[in-house]
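By written order: A, B, C and D. Residues from 1 in each chain.
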Amino acid sequence: MSFNSFGNVFRFTTWGESHGPGLGVVIDGCPPGIELAEADIQPWMDKRRPGQSRHTTQRREPDEVRIMSGVFEGRTTGTPIHLMIENVDQRSRDYSEIAGKYRPGHADYTYDAKYGFRDYRGGGRSSARETAARVAAGVVARKLLGKGVSISGYLVELGGIAVDRDHFDAAAIGNNAFFSPDAEVAAQWEAAVDKARKAGSSLGAVAECVATGVPAGWGAPVYAKLDSELAKAMMTINATKGVEIGNGFEAARIRGEENADEMMPGDGGPEFLSNNAGGILGGISTGAPVSCRVAFKPTSSILTPMRSITREGEATEISTKGRHDPCVGIRGVPVVEAMMALVLADQMLLHRAQCG
Amino acid sequence: MSFNSFGNVFRFTTWGESHGPGLGVVIDGCPPGIELAEADIQPWMDKRRPGQSRHTTQRREPDEVRIMSGVFEGRTTGTPIHLMIENVDQRSRDYSEIAGKYRPGHADYTYDAKYGFRDYRGGGRSSARETAARVAAGVVARKLLGKGVSISGYLVELGGIAVDRDHFDAAAIGNNAFFSPDAEVAAQWEAAVDKARKAGSSLGAVAECVATGVPAGWGAPVYAKLDSELAKAMMTINATKGVEIGNGFEAARIRGEENADEMMPGDGGPEFLSNNAGGILGGISTGAPVSCRVAFKPTSSILTPMRSITREGEATEISTKGRHDPCVGIRGVPVVEAMMALVLADQMLLHRAQCG
Amino acid sequence: MSFNSFGNVFRFTTWGESHGPGLGVVIDGCPPGIELAEADIQPWMDKRRPGQSRHTTQRREPDEVRIMSGVFEGRTTGTPIHLMIENVDQRSRDYSEIAGKYRPGHADYTYDAKYGFRDYRGGGRSSARETAARVAAGVVARKLLGKGVSISGYLVELGGIAVDRDHFDAAAIGNNAFFSPDAEVAAQWEAAVDKARKAGSSLGAVAECVATGVPAGWGAPVYAKLDSELAKAMMTINATKGVEIGNGFEAARIRGEENADEMMPGDGGPEFLSNNAGGILGGISTGAPVSCRVAFKPTSSILTPMRSITREGEATEISTKGRHDPCVGIRGVPVVEAMMALVLADQMLLHRAQCG
Amino acid sequence: MSFNSFGNVFRFTTWGESHGPGLGVVIDGCPPGIELAEADIQPWMDKRRPGQSRHTTQRREPDEVRIMSGVFEGRTTGTPIHLMIENVDQRSRDYSEIAGKYRPGHADYTYDAKYGFRDYRGGGRSSARETAARVAAGVVARKLLGKGVSISGYLVELGGIAVDRDHFDAAAIGNNAFFSPDAEVAAQWEAAVDKARKAGSSLGAVAECVATGVPAGWGAPVYAKLDSELAKAMMTINATKGVEIGNGFEAARIRGEENADEMMPGDGGPEFLSNNAGGILGGISTGAPVSCRVAFKPTSSILTPMRSITREGEATEISTKGRHDPCVGIRGVPVVEAMMALVLADQMLLHRAQCG
């Protein structure tokens, strides 16, 4: 067990705080011989990197990844890969207000309750800055999975406004600031986020992630199910409150004959006539696309004053200034993708271990 | 890592199939000195036990638990506790239809894809019969947690019909066949389940589980969060497709100032003015009730004929006869409670390990 | 982590006490499709089984293994294999002397110090009876390793009398009560053990175990080295006090050019001109035979009176009556073999996971 | 499971190679509130640091440790502590000879066999340079254990020359280049090492490590025994070939009544009249000093030409030039101490988890 590690055979451990010198991830168990260079990683970092539009935090971090170990002559060696990212824009300011009060919806109080004190600079370890390390690790996972497995994440809902599935356009995802597959709804989201930001408020979102090309047979009963690993992975991301596999909660509302995906003879396995299961049955992949959805709560750091208490237990009011994402779900999309890749890479190796 | 174990310090491993001689659970890491007798366990087994109403499978299993090790003179010794349950009503019948075809919505195909063959008798290891072992282990977890922590599970939705929160009555839960906290809606559910059963169909459900008395400080960032452990735990239960913590997906639809739970000075910590967080912030318990919801899909074993394929890849049709729950979510309630207890017991010990 | 489990991908968990109803082992992660029947296991159990000569304890246990799960139609299914052994000769007697006093050299005091009380019947969980479960699990490991890997254990020293390496005869090992590869020395050991038993004393021994056919490449730097896994495995066996890999402590006494095994071109890899390394370099197998030696202390349960204290801390004297092995190292040989097999099986799967 | 991590609740992961930019260790699970500064760590690094006498490698590394995370305002926060060490004296030279040949006694061949290629610069990941990270982590472990636990390591044998136990002088250990507790023998060792170095040869050594102040009750049956954890820990150190607990192999050569440590009433527990057990019975600490011995083979990197093969499988001869320790056992002493501290810190937390 390890509080800051994830995975079984393909296993990573992250370290670092929002306002320390940097952060990083040590990847253990990666197969040897995989081509890996810093230039491969950067484009993925840029997807998550802040400060690229007015809809995310204005903290400026280049998020340049340095490979510190585990790669020799351009290929992974089979030994630990340490990827490190320097923090360069920790803004020096007075944290006295945050240090002495608990922000509602934040980990401030719980860290203090658990550890007796906390690093209050930018949230310390509880900051979503940690997710940069996941994105970096996710690139290695994608390399391991190979080109046969394709992972696509996007938002399907923001501030209660859902995409229209009939307008789904994969090409649109990269062409707006919201990872929206529906160009029309992206415009509505933009207005909503602008309004929330100006009002000192924030919005939630729902991300969806689909992996195609996963062969049947990955995952394992009963406590290492592919869906339970995914649920765990997604729930470790900051601000997540719910996870669905396939049709999720909708499954609870339809009848058995509507929900069970019928099968027809297909190429090299069954063809499923629907995919309510999200590509997973009995905790094992079916060969159909693996899909999940993740709910992000609205950012807790808001200008709107909220009632709270001080460390001494006195009533107070708090208004969180500083640089924050008005909707953390947006930058959550590349993190969800990374976690999907990391879970699948681990499951690929676990399956190979047991079943050859 | 272990495919069939769950937990870190308080860790259990289950074994057994639907139609083998029995099943069991080995609990490792349990503190010494806890009073434990077979008679303590039985009432909890009876909550999950089949055959108690017409709304569950008619398989007759007494589910008598035998303590095989780890208890001496009525108390746990600190060494592995093995709890064993005999299978007594494995009905001897012809499995040739199931053996040669894949039931839609079932693990039949995926087990075969993964392992090259499968134990098709009653679903083998993929059967929800495994959850009996969890309920037994959950009793030990409850004992460890002590009377200060109280865990209550119930259904909040069945077949798309939700309880009325204004009618919530904790006393009602034990007085109907559906673990419903709303006596009125229980009558509607009864009609719905009867109708589905007679139609050879099945229904889904949503369970909710709340643990009160959990102190602030349990759980740990960032990959052993209390919410990620709960999400994983719940997603290992058969037929689950979604998990929510606190207000879950609803959080994605409201604004930051609506969602963040404000705080007032309270006794020995903050009093939260709401509990959208479900008692968890930053992966650590707040002291407020820990709550989650779990979506169960409708039973995949239905009489209604479905299109499928044979092991040889030929198109076929299948109608699943035999004894099945028309709504597996009902008997899922005690399993959800057990998993909540098992996660909390483990987190209690983990917190004690790190923070004394 | 788990106190009563061993292994990573091929992982087993044991339960049971000396005088409970039985004991068992749950094997998780075993590949599917391996032929396994109870009759395969019994011959190995018989090697360790007590009561077969006057040189071991007179407790009569048939050690019949029952396969409770994980095998279908004669083959492993990939799901947990539970092997169970009933205790049948727990002699009913008065334990009041042992219950109130601590036997020197035993775990009596330490269990009490750790857990606050203990199961004193026959040593409870600290009894070497637990090793029966390892031997059973070891059979599954051997099946997984296949016929290419051959594991041979034997004693090289008993009561300070060493075998003569020039008399080494593999065929002799099975033909005496001491697993001696030197028929001449076996006669001396017999006299020594008889003498010790009659004197109410006991003797120690050194076991050696060699695995041939292990391919180069198993094991992994730096905290999962093949030698560190073996050292751990052997040190979990009751009464062990030392482990050597290859030439062990002798390596510390010779010069670098004497110790380093030179290489010549061989078939499909190097031919090593010596094997001081015991088949392991840098924690990874070389392809040469993997070898280790294990020191067993003399049985602590002896008739000779020893000074001790009572649970209340009073000075006392104790003489351990009952049925005991005068030299536990003898029956330790099949356990050492089993642990070698279990470590190798796990490493085989781990290597496959990472390196394909 | 993790190839490059060690420990359960107090768990560390190391990364880095001999000739990469640096190396480091991420410590997870450390309790909060422990005072920790870079200046605390440096003195321990200096004990292991090379280039301090002519008896160790002449590579010049300051081994300055930088705390990258997990410490705030001078105290541990409970989140991951990353300690990083820069490599500054990776000598730029031609590795073509080593790259194409396998050094006998080295991991060269096995890394290649496992991974298909290797980082040959200074041994890459197989270099003992990795042990710097352990020493750094060991300082945190010592801090956690507190002043009540005292750990002392020293050599008891070098090149076959043993210390005289009657001359044991704890004060001498720090006053010679060999961590010798016997000043007289240190002079003999000096001559032996000088001779070996000049001859292009190398010597082995045996280290002993004793921890006093460990309370009774740490460690856990049966696969997490304190002695099995120690054996594993010590066997992960480069060049180790054997481990003994207490009297080790000597136990196999004496009778039961000689070996079992008698007990007398003592202060707050038994007083043991001897300590053959090395402070561990049944895998659990007795309260007596915990002791072990570790055998180090002679350095494999020697000038004396040895027969070997090339990567292409051709016969060749190799003479290892460059900077090497003529006796790696010397600098092994602080590493053995660090591993003792790391095992004990983990066991302390594990015991607290289960037993409060």
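Quick note on the criterion: a residue touches a chain if its C-beta (ideal position, glycine included) is under 8 Å from a C-beta of that chain, and two chains touch if they have at least 3 such contacts.
Computed from a predicted model, the values in this text were never measured in an experiment.
Apart from subunit B, the touch network of the chains stays a single piece.
Annotation: A-D is the more contact-rich of the chain pairs B-D and A-D, by number of C-beta pairs in contact. In whole angstrom, the spacing between the mean C-alpha positions of subunit C and subunit D is 26.
Taking each chain's centre as the mean of its C-alpha atoms, subunit B lies 46 Å from subunit D. Measuring from the averaged C-alpha position of subunit A to that of subunit D gives a distance of 39 Å. Taken residue by residue, subunit A touches two or more other chains at 1-5, 8-9, 14, 29, 32, 78-79, 114-116, 125, 221, 350, 354-355, whereas all remaining positions touch fewer.
Residues 1-5, 8-9, 11, 13-17, 20-24, 26, 28-29, 32-33, 66, 68-70, 72-73, 75, 77-82, 114-119, 121, 124-125 of subunit A touch subunit D in their complex. Remark: subunit D residues 1-6, 8-9, 14, 102-107, 109-111, 113-116, 125-126, 130, 157, 159-160, 196, 201-206, 216-225, 227-236, 240-249, 251-265, 269-270, 273, 276-278, 280-287, 295-302, 304, 306-309, 313-315, 329, 350-351, 354-355 touch subunit C in the complex. Residues of subunit C touching subunit A in their complex: 1, 9, 29-32, 78-79, 221, 349-350, 352-356.
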